[in-house]
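After this come two complexes, each holding chain A, first together with chain B and then together with chain C.
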Partner chain A sequence: MFQLVLSGLALGCVYSLVALGYHLTFITSRTLNFAQGSAMMLGAVITLILVVDFNWPTLPATLVSILLLGVFGLALERFAVRPFVRRGSMAWVMSTLAVGIIVENVAQLIFGKSPRGLPNELAQDPVMVGGAGIYPLELLIPVVVLAIAVAARLFYGSTMLGRALRATAFDREASLAVGINVDWMIGLSYAASSMLAAVGGVLIGPLIGVSSHMGFLIGLKAFAVAIVGGLEHPLGILIAALAYGVVENLIGGHFGSSAKEIFGFGLVILVLFLRPAGLFGRTRLRRI
Partner chain B sequence: MRGAIAGRWWLIGITAALVAAWLLPGLVGRYYTQMLALAGIYAIVAQGLNLLAGYAGQTSLGHAGFYAIGAYCGALLATKLGFGFWSALPFSMLLAGVAGVLIAVPSFRLEGPYLAMVTIAFGIIVASILVEWSDVTGGTQGVLNIPRPEIFGTRLPLERQFVLIILILALTTLLMRNLMRSPWGRAFMAVRENPIATEAVGLSTRRVKTIACTLSAALAGLGGHLFAFFQGFISPEAFEFEASIFFLTIVILGGAGTLAGPIVAAPVMVFLPELLQRFIDYRLIIYGTLIVAFLYALPLGIVGSLFRHWGRRPAYAPIGAAAEVATAQPAPSVRANTSGPVLELEGVRMSFGGVRALNGVGFAVEPGTIHALIGPNGAGKTVLLNVIGGYYRPTEGRIRLRRRDITGISPHAVARLGIARTFQTAQLFGEMTVLENVLIGFPGQTVGRLLDSALVTPRLRREEAERVAAARQLLDFVGFRGDLDARANSLPFGHQRLVEIARALAMNPILIAMDEPAAGLNRIAVLLVEHHMDLVMGISNRVTVLDYGEKIAEGAPAEVQANPLVIEAYLGAEDIDVPIAAPISA
Partner chain C sequence: MSEVHPAGIPSASRRTAVKILGAAAASTVLPRGASAADPIKIGLSAAFSGPNATAGEALQRGADLAMEEINAAGGVLGRPLALVIRDNEHKLDRGVAQTREMIEREGCVAMLGSQGSFIGLAVIDTIHELKIPWFALAVGGVGIIENGRKPNYMFRVATNDREVAKFLVSYGQEKVGGKSFAILNEDTGWGVPAIDDLRVALKGRNLEPASVDKMKVGDSEFTPQMLRAKNGGADTILTFSNAVEMANALKAGNKIGYKPKVLSAWGLANPTFPSLAGPLADGVMVMQTFTFVQNTNPKAQALFKRLAEKNRNVKDEMALPFPSYIGNAYDATHMIALAIKKAGSTDGPKMQAALENLGTYGGLIKSYANPFSADRHEALGPEDYSMTVWRGSRLELVA
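Let's turn to the complex of A and B:
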């Protein structure tokens, strides 16, 4: 039980990283990157290739992988999102999904179909915490997420770039008027969202194994928690993600994995029925 | 005469499609017939999704769920309870339709990504249940040995199944065509174009969305049913999230909100992977790239882009437009006046968080009068109209229309009871024509009349012809002289306003509440919000002045003009020396 809760928290932290990516692109551009799950997978796959096939140490491999995903995010925004947003079209839904399909299949081509383990010293010998066996990595995950949250807070609050990002999120027109390069800000939000996903992939890879389709369901669940938490509320997303991870693990532990999805997504529908803008979002009064 | 000939085009179309379907298998062989039949099934599902996502603007990323329900319902009824293709068909559509209602209800208040999430969740739940509930669904094995469709006791061979599928596709397309040219089609597009205005003309957005979702789900169920009996076996893989994306891709690739879009795009999506067969490893990569390229090159989809190229709008003339009815229509009639005020407000308060926008406003609008509501910017005039219209529920106070309490009822109910509304910036249905924008205002054309719309009954033809004639008159009456088939969003603002007023008149209201129309009307009680003082003072019978959410004066125009409180509210206190030469129009 306690073990399920702890590993559920770790899982929830990974959801929150991917989910915050949806949040980032949504606030800057009102678009969502449906290739988030694939970005997460790509982060894990690149790290694994560097560590296993090229014998790099884990840390530099992780950093390089995260940086590459930043470039991926920039390119994705430039070529699969911006052209459609410019026209006021919703086609970015299909195009980001399509990029997800492309990435997944490129990965499968290079990587093969079967999952591989991402070796990590922290995921080899479980330690005992309060009577539950748990990998040190699962304890590290919340620490990493917390560190990222604090760093993001500082970045937003006290750097010019952070302020420009916030301004873009707050009012696009006004930001343009004061000389903020809004396109660049949106590009950056895509880069940041892909990098967050990559961190999630590197963290979860050693625990669940790395494969070309590992990102699909996690990407959808991250979207679910982003919605349930309220797309514009990072704290709400974090709470929703942790709750989802724990609840899902408990249900999965008792009733099996299909039941987990049925209950999990059923709960999502129920929450949205009761709170149409998510648990922490507020329905705005429409100005007429 | 024209109506009679135009009415037969669909018969010719269906006959041509059937003849082609009869001959084609002999020409292309068994394999391609199978592929074409699949494309036909996908086109039916996409046609349904197009109704919801294309016409009604409610994107679903979970249509594979409805498709699965139709498929499994048909398959299980046939294999476990001995039903045939035909006897199981209504149940498959019904069950999928019921699921549609179940999804529509929790989604009423949802928009954009939040709505998408519910549909995704629904699709995943259905797919998971198919695997989990293996006692019934056969789990990952699925259902085998589904009997082929029969007609008069003979099992149909593949070639004839293909004809059957094309027949059903032709009928669903006809149904869609009928719907989109009639009142319900207008309602679907109205929800997509402008939910606020939809409510303002007395249509319940909830009802319209529910009907759209139900019909759409039932068509997906029909497609699933066909798929199960055509394949002879089904398993859960065919109904996963990817299938939902696949259907949405067909809709968007063909052109969302175009009738022919799904029929054109479904074969493309079926044959594209076939063409890529020899690059088997790269198949999905090329597939994804082509989707992005298509989206890029054809922003309106294949059919939508062609229409744009020919300068045509991918919509259909209303049924009545073709009929040349010369019947003289009575000019807009006014409902029988009874004595006493039309509208009464009593102590209406409205707070937004801590901000008090209205602070105990009360006044009455007498029948047949023009009642102006004036006040400086931020006085709460528009808020008051929104409260009257049901868009905001007042924090306190009562609103009565003809002595009937209407406080807190929804905007479409207010509209149906007889308050028409025009908005500060005209709220039209942008992609719909001028004529359609006015037609949608006439009451009593949708509720309980879905079959009329779907089948285009003689009664509907007659009524539509009358409505078209009346709409023309109304547009003429308000002084609109432009193109009736122009898209509303292509009009200059002044013309948009005229169309909006004609639409409000079409509703045959007791009261018109106009927010800064700068145009007058008589015969109906009018509640007017306006800044142009010369206009207000010139046409109004009575004027109510608001400031900081409170009524500070009321009376005949001349009295109000002389009221020191009003002067102060508009000009500030006396000691501020501002030279004023003209009436204030803030």
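Let's turn to the complex of A and C:
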């Protein structure tokens, strides 16, 4: 039982990283980056290619991969989101999805069709925590998530750029009026969302294996927890993600792994039925 | 949502490619006038994209090798053989539609069969309507061959899941010294029916499984399954599964301090298995019909040399994934050529009759003496299975 909770927490942290990406782009631009799952996969695939095929040490490979995903996010926003949002169209839903699918298939062509293992010393020998075994990497995952959360808080609170981002999220028109480059802020939020997903991919890769199709289901689950937690509530998303990881593991433990998705997504629907704005969201008053 | 199955990018050239292998070379040795003869087409509908793609490539390699030899020796009935390939993407509807299309439109006179037992089962009707021999080369579903048809057009040059289950249990008990067995199969049309095959095989030795579990393809967390096996007291796991799922199961087992012996059907022959499972792959045993590793048969060594010459990436035997499929497809292709020769025709019913009375054929996997008869459509039996074991990144024969 405790064993399942522990593994579930690590998985939940990864969901939260990908899910926070949905949050970031939503607050700045009211758009969602549906290529998040693919960005996660790309982060893991690039790291694996650098580490295994080019013999890079893990840390620089990880950093390069995350930076590249930042560039990917900028490009995605510039070419697949901005043109549509400008015209007031919802086509960004389709275009981000399409980019995700294209990326997945290109990765399959380059990376190959079979899954591969991403070696990591932290995922070799388990340590015992309270009678349950866990890989050190699974313990590192929550630490990384916490560090990112603290860094984000500091960034938002005490840098010009962070404040500008917050202002954009708060009121787009007013931000434009005071001279904030809103386009650039939205681009940045896309870069940050892709980078978060990449971090998730690099962390989960050594535990479950890397393949060109690894991002789909995790991207979808992350979207579910983003909705359940409330798209505008980072803390809510974090809690929802951890809860989803744990609950899903416990369900798998008792009813078999085929029941996981049935109950997991079923629960999502139930929560949304009871609280349409998510667990922590407040229904917005609309002035008419 | 059960199987995370990317659609892949099937290349147009591959889908429509009609490979006339060595046809040019063959024309120089053919008797006068025969060079203009149309090739005799044999179809291969298999998954060439998605997670099962490497297995499809292995089937193609085996058929290619055999056709090169047949065509270099003048072809069959004065005509060269040609392989027609389609990517069925491991999908039932595509597999069935392609089988019909390849026979009716392309004029294929025999079909080499796909991965996925569900596809093999689904084409039985089509095959018996069109009366063209179909060869199971990468699937072990019992019902594909035991289908109640007379005459039966379904043939197998591969393992049979029921026999594999018996082989794994007897090997586990006699050679590995297993006392208590857990069943851990993947949650697919291959793994689920094989659970019953394993149960029956265990029952045949008065054993009950310590635990019976399924692994959903695409899932990554198999701690509960491994806990049940551990708590059930299993010292050996019997599995019909693929590399990713079993690697993740072993990692989960490692976390709870559970390191059982593992005996597997062909799925874990995938060369990615050790990269996914790391050191935990060491000692995992995989049943096969054929391997190039440590194979002293001169025919196998010569074939490996030819493959290495053709493909610069093939540096050692492990660069050829799923060697059993190469062997199965190679032997089946030669059997088809022999049957055409014996029947003196590419007519389906005549070929079917010839296959049931083929005589001897010195194949790659073994020397066959009448591989098929009216009641027996399995060319290979448990006596032809061999056990291999992962050591590092090599899958070696168990001495």
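The criterion applied here is as follows: the second predicted complex is superposed on the first by the 288 of 288 C-alpha atoms of A that agree within 3 Å, B and C clash if a C-alpha of one lies under 4 Å from a C-alpha of the other, contacts with A are read in each partner's own complex, and residues count from 1 in each chain.
Just so it is clear, contacts are C-beta pairs under 8 Å (C-beta built on N, C-alpha and C of every residue); 3 or more make two chains touch, one makes a residue touch a chain.
As the structure is a prediction and not an experimental result, all values here were calculated from the model.
When the two structures are aligned on the shared chain, A:Asn105 is found in touch with chain B and with chain C. Using the contact criterion defined above for the overlaid structures, shared-chain residue A:Pro115 touches chain C, although it does not reach chain B. Of the two partner chains placed around the shared chain by superposition, chain B is the only one that A:Val93 touches, whereas chain C remains out of contact. Of the two partner chains, chain C is the only one touched by A:Ile208; chain B is not.
When both complexes are overlaid on chain A, the residue A:Ala167 reaches neither chain B nor chain C. In the superposition on chain A, A:Gly278 makes contact with chain B only, while chain C stays out of contact range. Residue contacts after overlaying the shared chain place A:Tyr135 against chain C, while chain B stays out of touching range. Of the two partner chains, chain B is the only one that A:Phe223 touches; chain C does not reach it.
When both complexes are overlaid on chain A, the residue A:Ile269 reaches chain B alone and has no touch with chain C. When the two complexes are superposed on chain A, the residues of chain A that touch both chain B and chain C are 104-105, 109, 216, 256, 258, 261.
Residues of chain A touching chain B in their complex: 26, 32, 79-80, 83-84, 87, 89-91, 93-95, 97-99, 101-102, 104-106, 109, 216, 220, 223-224, 227, 231, 256, 258-259, 261-262, 265-266, 268-270, 272-273, 276-278, 283, 285-286, 288. Residues 1-2, 4-9, 49-51, 53-54, 187, 213-216, 218-225, 227, 243-244, 247-248, 251-252, 254-257, 270-272, 274-279 of chain C touch chain A in their complex. Residue ranges of chain B in contact with chain A, taken from their complex: 59, 61, 105-107, 109-110, 113-114, 116-118, 120-122, 124-125, 128-129, 131-132, 196, 241, 245, 248-249, 252, 281-285, 287-289, 291-292, 295-296, 299, 352, 382, 386, 391-392, 423-424, 427. Within the complex formed with chain C, the chain A residues making contact are 3-4, 7-8, 11, 52, 104-105, 108-109, 113-117, 119, 123-126, 132-135, 207-209, 211-213, 216-217, 249, 252-254, 256-258, 260-261.
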